[in-house]
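Before we start, here is the structure in question, set down as structure tokens.
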Amino acid sequence: MNYNDVLKSARENLNGSCRVCPVCDGKACRGEVPGMGGKGTGSSFMENITALASYKLNMKVISDVKEPDTRITMFGKEMDIPVFAAPVSGTTLNMGGKFTEQEYISWVINGCHKAGIYPMVGDTAIDSFLITNLEELKKSSKNGIAIIKPWDNLNVIEKIKLSEKAGAFAVGMDIDAAGLITLSLHGKGVSPKTAEQISELKKSTKLPFILKGIMTVEDAVLACQAGVDAIVVSNHGGRVLDETPGTADVLPEIAEKLKGKLTILADGGVRSGVDILKMIALGADAVLIGRPFVTASFGGGEEGVSLYVNKLKADLKSAMVLTGCKCINDIDEKVIY
Amino acid sequence: MNYNDVLKSARENLNGSCRVCPVCDGKACRGEVPGMGGKGTGSSFMENITALASYKLNMKVISDVKEPDTRITMFGKEMDIPVFAAPVSGTTLNMGGKFTEQEYISWVINGCHKAGIYPMVGDTAIDSFLITNLEELKKSSKNGIAIIKPWDNLNVIEKIKLSEKAGAFAVGMDIDAAGLITLSLHGKGVSPKTAEQISELKKSTKLPFILKGIMTVEDAVLACQAGVDAIVVSNHGGRVLDETPGTADVLPEIAEKLKGKLTILADGGVRSGVDILKMIALGADAVLIGRPFVTASFGGGEEGVSLYVNKLKADLKSAMVLTGCKCINDIDEKVIY
Amino acid sequence: MNYNDVLKSARENLNGSCRVCPVCDGKACRGEVPGMGGKGTGSSFMENITALASYKLNMKVISDVKEPDTRITMFGKEMDIPVFAAPVSGTTLNMGGKFTEQEYISWVINGCHKAGIYPMVGDTAIDSFLITNLEELKKSSKNGIAIIKPWDNLNVIEKIKLSEKAGAFAVGMDIDAAGLITLSLHGKGVSPKTAEQISELKKSTKLPFILKGIMTVEDAVLACQAGVDAIVVSNHGGRVLDETPGTADVLPEIAEKLKGKLTILADGGVRSGVDILKMIALGADAVLIGRPFVTASFGGGEEGVSLYVNKLKADLKSAMVLTGCKCINDIDEKVIY
Amino acid sequence: MNYNDVLKSARENLNGSCRVCPVCDGKACRGEVPGMGGKGTGSSFMENITALASYKLNMKVISDVKEPDTRITMFGKEMDIPVFAAPVSGTTLNMGGKFTEQEYISWVINGCHKAGIYPMVGDTAIDSFLITNLEELKKSSKNGIAIIKPWDNLNVIEKIKLSEKAGAFAVGMDIDAAGLITLSLHGKGVSPKTAEQISELKKSTKLPFILKGIMTVEDAVLACQAGVDAIVVSNHGGRVLDETPGTADVLPEIAEKLKGKLTILADGGVRSGVDILKMIALGADAVLIGRPFVTASFGGGEEGVSLYVNKLKADLKSAMVLTGCKCINDIDEKVIY
């Protein structure tokens, strides 16, 4: 099995819910929520791609870089590359119905572990999905991170406890899901939260707490003040609010303000090792990747997932060689043209 | 009936006069006047879309916003959302001929009322169309606004009187219709007017008087000096002069100069709740929406219209939640990236 | 016969040498020289369109403009609109071979005269074409202008004399034809000229002398010093040098330097009355239009040509109404957004 | 045989590995490495085209330029135009398999010589390819330049010696091949080099030494300090690192810093005489052209290659006539708009 085979199978197995386009840029699937697309005109998804593509790289060929080290340590874990599989759930609703949530998440979890990285698992309107995801996490000694929707705090804290029991090494909340159509379809109550409410969640657990869905310096500063351990600069893949900037547009100013004060993660349009390198250069400590893990798992199961991660690893290493970076810490604004 | 059904029926009922494109952006119908397109190259229509799309939104998820209030009061009326159905007439000439002006306008009027907003009705070269529109307005206790073409003042004043008798709660003139091809096809005399002539019209009625078709600060200041109660920043959907800027390009400077001195309305490319939010943030007090009401009414009659308005309402509310706005007054330049 | 019929016939009669695209923008025919396209990548043709489209118009509806006067007087002649048919020759080589040079030019000459404007006729590698063109000019009492290629001066002066005898009321030279592929195909010698050589040509005749093909302030100043009566800001429709700016890009700085010191004409991408208005606002005294006269004449003969000119007239008048211009002299930079 | 015939045959002979698009811009073949495309999204290839196209030319028609001199002398050789065929190898891997490396390179070498320019020949993971290339160079008294991959220095020096023996009049290294996928497929070790290592290579030969793959001022200065005779501003046709700027974006600042201190060559998207003129105007002393030589040779063998070079010559001459340049030295920033 090679990566092209994976894409070919994915195209069949996703039943049209994702076309597995040559470039995954949000055009073909615009407006498809439920589905794999961006909300409304799809512009927030597309801006993620456009924003990242607007940064160009300084090639550097006169150097002594030969075998760059792509590893980092985060939340106490060593990772082969600074990448997490993003929490993506709602298999039956969004991904064509051929595979179950359990099949999908087990492939992502095991494929990530096999290739030396960790998965985040997600939460939906259907409570049993998080349970399934946590059960699958628990089966593996390596485990992962659970990201919970912004229900009322009591409900969230209950799910944080479930995550702790399942052995998750960090937990978080995708607070931007307050605008998620697929939740309102099920009549569940989600909403933004105040800094005080976020602080209460943070204090409810000894695990690192991650706040996902930050798109402004103002919210990033509030999150920092609320005591979270990490933020994810994210517009939820363009699925919650139409017409936001791309994440790579806002990441640099957020990083400039908060770099070193908390862990900064970012997602949105990351597809390749070059994209990972760019996000790190723009200020992220690590990235999350979403849709490509759906493609990889639907196309090749566990093996498809690890194949994709290894492809990222080789691509990132090659990009580090040609930009003169010996390790992840070397990657900074100097590599951006 | 859901909104996709409405679009599907509309595609059939409009007989090719509008293709009901996935994104209504003026490309497929460029030059189709008569028809639903923009004049000439269609660039003024397309610029409306491009201008609005060029503004991006600051997502704000750390807040205490849960159930935003989308209501406003304007011209003495409370509205569920700050939206009017724009005056669109000439059904038989422009919309494929399947439905009559009377059918079309009754659906728009009743659908709007049902969903908590008000319609504007329009005037054409065929005098009976305004009569029909006013008759339909009169049937409903909620009524609406009549917008009259820039005939000579005597003729306009006569039509203002007819509107008063029909119970309209405001009247106005789409002065930019001075350049409308479809009128000259009927040999009727329309023209720009001086500030004095506009002042005379304003003084002829006790109703609020709206001047529609303002695209420069200079004209906006003259309109204000002439005493009008409201202006509509509008290029007539791109149907009167090819190659104007988009309305969202010129709105901010007009609002900066005149905000608070008169009511500022705007139209041009507004399709969704996010677009409404943007126009308000750029300085409008409320917006007008045109072509989507044609699609909604031709596709689903009165029910199609109210379905569309309720879709806008949900979308606007969701956008307010994710930008941290509790009420319409909260929406300002801070939400623009 | 209406203008759409003309376009439909043109599409057939041009035998694929021009596709008569909905928007004539140089994309479909890129590289087709011989043919109707721009040279090489076609970018100089396309830039003409892009440059003009980049200017947007200030709509002005509060005014006392009702019936604008579109006439001007130039080279002692009154014209209904400030437009010349550009010199286009080489019918058999470039336009599909269905009609002769004589048929084509007689339609253009007579159609222009009928509609109140004047034609320029052109010169090619085949000497008899200019002879034919001059004979057709002579048949009409209204006559026109002859534009000669940059042969050696003796040859040019001879052709100026022929033009005088044929009754032309002005003569000129399209000096940028020094780069024309279709001439080198016939082994004829054309070249740039020094200011002294141009001065010699100017002095050889009592007729106004026009230099066509100016794209920089530097060349415009030299042309002025050489004593020419008029320049045409032109890149020869993109047919002589690939990758120039659009004419509307360079016109404003040329006009700023030389306005009033000589007559400034411009061509390049002018299709509509709005385009004429823009070119005048950018500093031209009148414009030349090329390819649309080929379409109009191949599609409708003399009637097609006058139909097109009358369409321009109505469109220009409408654009003047909506930008607040009472006469051509009123059109200035204030109409540009 | 004319150039259109060459393109037609090339389309067949390349077996789909190159579509021979009307404009060779990297879109159709994006990601095709092996193959003829750019790596990953193909953006580095496409940026080369976009960057060059972003510069427009000042047309100059009032001048005394009639027969421009397109010749230069470089590395002791007189060339008809300032163009080298770029080193392109890996025929069997990248070009559809119809012709052998030996056939291909002999056509390029002999076609270049016949038309008055010189070829560069390349090196791949398969050692015998360089041998073949050098044998073909040796057959011709005019010879050419050998460009070697960045193996360890001992290996490179050995290949430099082979090149000297074959009569190459200059040698070089495409150091950016450190990121070439097609090499890693064969498990060969390539890597960036330090300035000291480059200096050692330079000192190992009396031939001029060229370093190819410079994309920053920083690397250009290091190369200069290492004593190389020439650099090639190049991103390897977009085949080694995705998402670099175009070469024409970075050339001006590199030239500003180093012009006159060493020879500056550039490649990347050069297709026509106008492109050559632009690159010279932006600071290059001469250019390399890659993919079009593949098309020309696969389509017309030796004759195809010389036909293409003569086309460039005519096109460059015409562009020099219309920009007022009598010789290559006249071409400077004044021709750029």
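Observations, loosely collected:
Chains here go by letter, A, B, C and D, matching the order in which they are written, and residues are numbered from 1 within each.
Going forward, a contact is a pair of C-beta atoms (placed from the backbone, for glycine too) under 8 Å apart; a residue touches a chain by one contact, two chains touch by 3 or more.
Keep in mind that what you see is a predicted model, and the values were worked out from it rather than measured.
The pairing of subunit B with subunit C is characterised as different-residue: of all residue numbers used at this interface, under half are used by both copies.
Distance between subunit B and subunit D, defined via averaged C-alpha coordinates, is recorded as 58 Å.
Chain geometry summary: the mean Cα position of subunit C and that of subunit D are 41 Å apart.
In subunit D, no residue reaches two or more other chains under the touch definition.
Viewed as a contact network, the protein chains form a single closed ring in which every chain touches exactly two others.
Taken pair by pair, the chains that touch are A-B, A-D, B-C, C-D. By the touch criterion given at the top, residues 30-31, 40-41, 43, 47, 175-176, 178-179, 181, 191-195, 198, 213-216, 218-219, 222-223, 226, 235, 240-245, 249-250 of subunit B touch subunit C in their complex. Those residues of subunit A that touch subunit D in the complex are listed here as 22-23, 53, 55-66, 272, 274, 278, 315, 318-319, 321-324, 337.
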